[in-house]
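Please find the structures below.
There are two complexes below, and they share chain A, which is joined by chain B in the first and by chain C in the second.
Coming up: the complex of A and B.
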């Protein structure tokens, strides 16, 4: 059992304790000694732990590909990644086993517990837009591609260092002024391919991960 | 009338029950942990957490008021 699952189970147990305490509080008189003992637990202590565990689950528990693909708009990305015929960067990383697990998160690390505040705010913005359905397909990347997500793994490797142009534009790569994708192709299907109504969109939506998304 | 008393008066006026707030927040959290879909996640982030915070705030105000009445504060 991994730590995320363990924390999830602990969270569920803590919530049940909270619910029992809350019911207990509602059955006791406001001035009884029992109320004074359990009310701080029900209203302050247990909620503190529940919020901490819940936020851990939001930030760290959602790193699996199956978690990412729970949002409808992510299905084309995940299906393309798992398509052996695809030549996008994500698909090449996946089929060659360069990233063994948490494939989405490994390249989108900013969302994790150690990520930047801006990435967290972006995550909340995506959550609001998705929940309220105030987005349009195809979704578009807002901001600048962060080369650090690539360089975290590739920097210093023999294959990377052997390419002369990597040294010539090293500063531009480090500061993301030149994107890795300029030379190495698209990381995911293009917005045109992800436009509803196109043949490619229908193909991308039929992949294996669509079924994964529907699993409980 | 102190600020905490005014807030508690408003809370009583609008019949805001911290027990109901906390119970619904617990239920939303449990839902999110069992089914980590976008909707339960949004409800946990934008509804359950503010509910917890508000209920805790009301409880602290009540404790402060009681301590004031007893002359401890």
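Coming up: the complex of A and C.
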């Protein structure tokens, strides 16, 4: 029995106890001392923890690679990232241990205060599209990738600073007008490789990781 | 003060509202490092980069009929990558100093005139010179930056219409030796390999190529290949420890002008150590010495003089280095050679190119994925526009030669000309042309999309001479140095201000559509040529009057030739991300690897490899003796000057030097001097020095570095205000007529 199953069983037991308690409460007077003691717990403490834990779980959990690859359109990205033969930016950052955890989130975290809302809206839009299957593969990144995701780590490093044009186009880099990925490799497999029906697509979908996650 | 409970509630409410609102609003305001500006483009269109021969596919973002953004095209061969120059493409249409109207030189100054007045004068002068001196006295000097349609039309106008073979251009300074190399070895020009070979190669042999700076997208691709497999080796041969060299597994630093010794010594080791592929040689190759046909034994005897131990001292390297790289070259699973100006801009340029091809032939490192000799090109359309259309003084379209009567007859038939129209005598090549413009042999010349008054060697002498010739210059920018010799200036459209086809290094044709209007009265070079043809009453010959019509004529022309790309129709170019020829039918996917059965449709079915360019279907291995470069270090001129390029600038800098992000990064033209030499001459960082050769002198700031080998100076040629070509010697290859920009004996003086 793994830990998830154990938590599930414990949860069921807690709910069961709760139900029994409720029946007990309903049989006593509403003004009994027991009710007075339980009321703040029921109306304040429990809802607060439920909301807090739920949010924490969603916010933290959605930063994990496993949460990103739940949609199969993301599988090629993750599988490619974990392929030691691949030379995409994602794969190089992964295999060299430049980013040790939350690999998707670390390079796509340009959320900020308003960004979070936008990201959630985007996520919701993606979810709707995914559920209703109103999308086409290969999916494409529209918009502009935020260079700050790269600069957060690379800015100030000797290799970055040694390149003269990094200084002369600094403004363009800071505002993402000139994208880092123009000159520095492909971040992920190109849409051509992610087109269903091609041999490369089948390869990318066959990655170990997705299988592991999907195993019941 | 009395507050009611209601007032307090109101106050709290207002406070909360303003605080909350404030926080929300401040979050919306853009801050200096907000990271991401919104996408400006309303519409994305496909195109090709304006600059080098890599020919990267770009997506061009438009808003209000203006180019606002550019990004790499993920579906093109470059898979979305660009270099810093390509990333700044939207800037080139906003640059100041664009020529807006035609001008005529009156009393030493250029004065604005109407198009009609300018073109009438141009036509009159052409007619006058033709009447007085005949067809040999008019000339066209084009460029690897013109569209294919433009070069094709100019070539036809001059060779068929005016009956003058004086059609040449800056590709003569750039890759004439490579073109001759391919023709000599394989019978037809253009490389057989493709960029995709980079993903299959296990050994890269970069010689005379600073790809990190000059072809960054391709070099990144090479590095990606090595990152994928650390067994992949990169060999770099260069007299300078370039950025490219800093990534090499093996770096060989010979003295400028000695690398034919290296190639011959490598062949010597390969033969001596049994690293050759006898079966491949027997089936697909024959040997040719300077005195006639020979065989493998003859080759072995010839190479006896080139043992590593004999030649290494002259090159300033160790014999063991030669043995090491010869072994890697021959024994790697797939070896890919890449070279540019280091081999081409040499008095032995053709010898070097043929020897480079020969190394691939004797080791069988050819016609397999990853095994190929690939000459990189400097200009976006030198391959497709100039080499394929035959827009050089000795060529006719689709790999034909002027001196061959059969080829002339074929072209006359295809162009529907009376027999004998095309003159049997090749025209003046670039070096001779600018001499002829000085001594009166050429009286009227049209220069298009090129800047010879910055790029020719021995510039001081050339500039003085050519003033006598009536020169018409079509150019987009008003500060190009060539305008100084112009009698008529015609404003030309740039990049997406006109439509046409670009053909890059790997035989890929790509379409660039017109997206914006040119500034002022500027016109496309094709329009100028068609206008000129009409005024010279040659519109019976120049019948195609739009880029589309010229393209149709050109692909029909190519049908049945060894270049056959009749399947690359305009419609397909609009749909697809470029196509590689040969491509004889509209349903053919294009040819990645030429001469390879199953890929190249022109190979006899059933054959694995067939070098069909030559009659006997065999490639030729040449025995090429080394001759020292004419410029040797002497007592008076003890150092060797070599010229080249920098990452942020392209060609003569007419475009890139105006983009401040690029010009600030590259700085001004300067001379790189080795630490040891600097110590010897007492030169420090930033010292003003004069570089003096037998041909001219130039004062520059010195950069003391370990980049060039001791005894070698390096100066990039992009700076229009510091013309290093004033110092460069005018010697050129006897076969390709390409000048040797890479070796000039100089001395250095403090000023």
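Here are some notes:
Operating definition for what follows: the second predicted complex is superposed on the first by the 156 of 216 C-alpha atoms of A that agree within 3 Å, B and C clash if a C-alpha of one lies under 4 Å from a C-alpha of the other, contacts with A are read in each partner's own complex, and residues count from 1 in each chain.
By our rule, a contact is a pair of C-beta atoms (placed from the backbone, for glycine too) under 8 Å apart; a residue touches a chain by one contact, two chains touch by 3 or more.
What you see is a predicted model; the values in this text were computed from it and never measured.
Residue contacts after overlaying the shared chain place A:192 against chain C, while chain B stays out of touching range.
Legend: residue contacts after superposition of the two complexes on their common chain; A:11 is shown touching chain B, with no touch to chain C. When the shared chain is aligned, chain B comes close enough to touch A:54, but chain C does not. Legend: residue contacts after superposition of the two complexes on their common chain; A:33 is shown touching neither chain B nor chain C. In the overlay built on the shared chain, the residue A:124 is in contact with chain B alone; chain C does not reach it. Applying the stated contact rule after C-alpha superposition, one finds that A:19 touches chain B and leaves chain C untouched.
After overlaying the two complexes on the shared chain, residue contacts for A:156 are found with neither chain B nor chain C. Residues common to the contacts of chain A with chain B and with chain C across the two structures: none. The touching residues of chain B, counted against chain A in their complex, run 18-19, 22-23, 25-27, 29-30, 32-39, 41-42, 44-46, 48-49, 52, 55-56, 59-60.
Across the complex, chain A meets chain B through its residues 8, 11-12, 15-16, 18-19, 22-23, 25-26, 39-40, 42-44, 47, 50-51, 53-54, 57-58, 61-62, 67, 70-71, 124, 127-128, 130-131, 216. By the touch criterion stated above, chain A contacts chain C in their complex at residues 85-87, 92, 110, 112-114, 142-148, 164-165, 167-169, 172, 174-179, 181-186, 190-192.
Across the complex, chain A is touched by residues 27-28, 32-39, 69, 71-72, 74-75, 79-84, 86-88, 216, 220, 224-225, 227-229, 647-648, 660-662, 664-666 of chain C.
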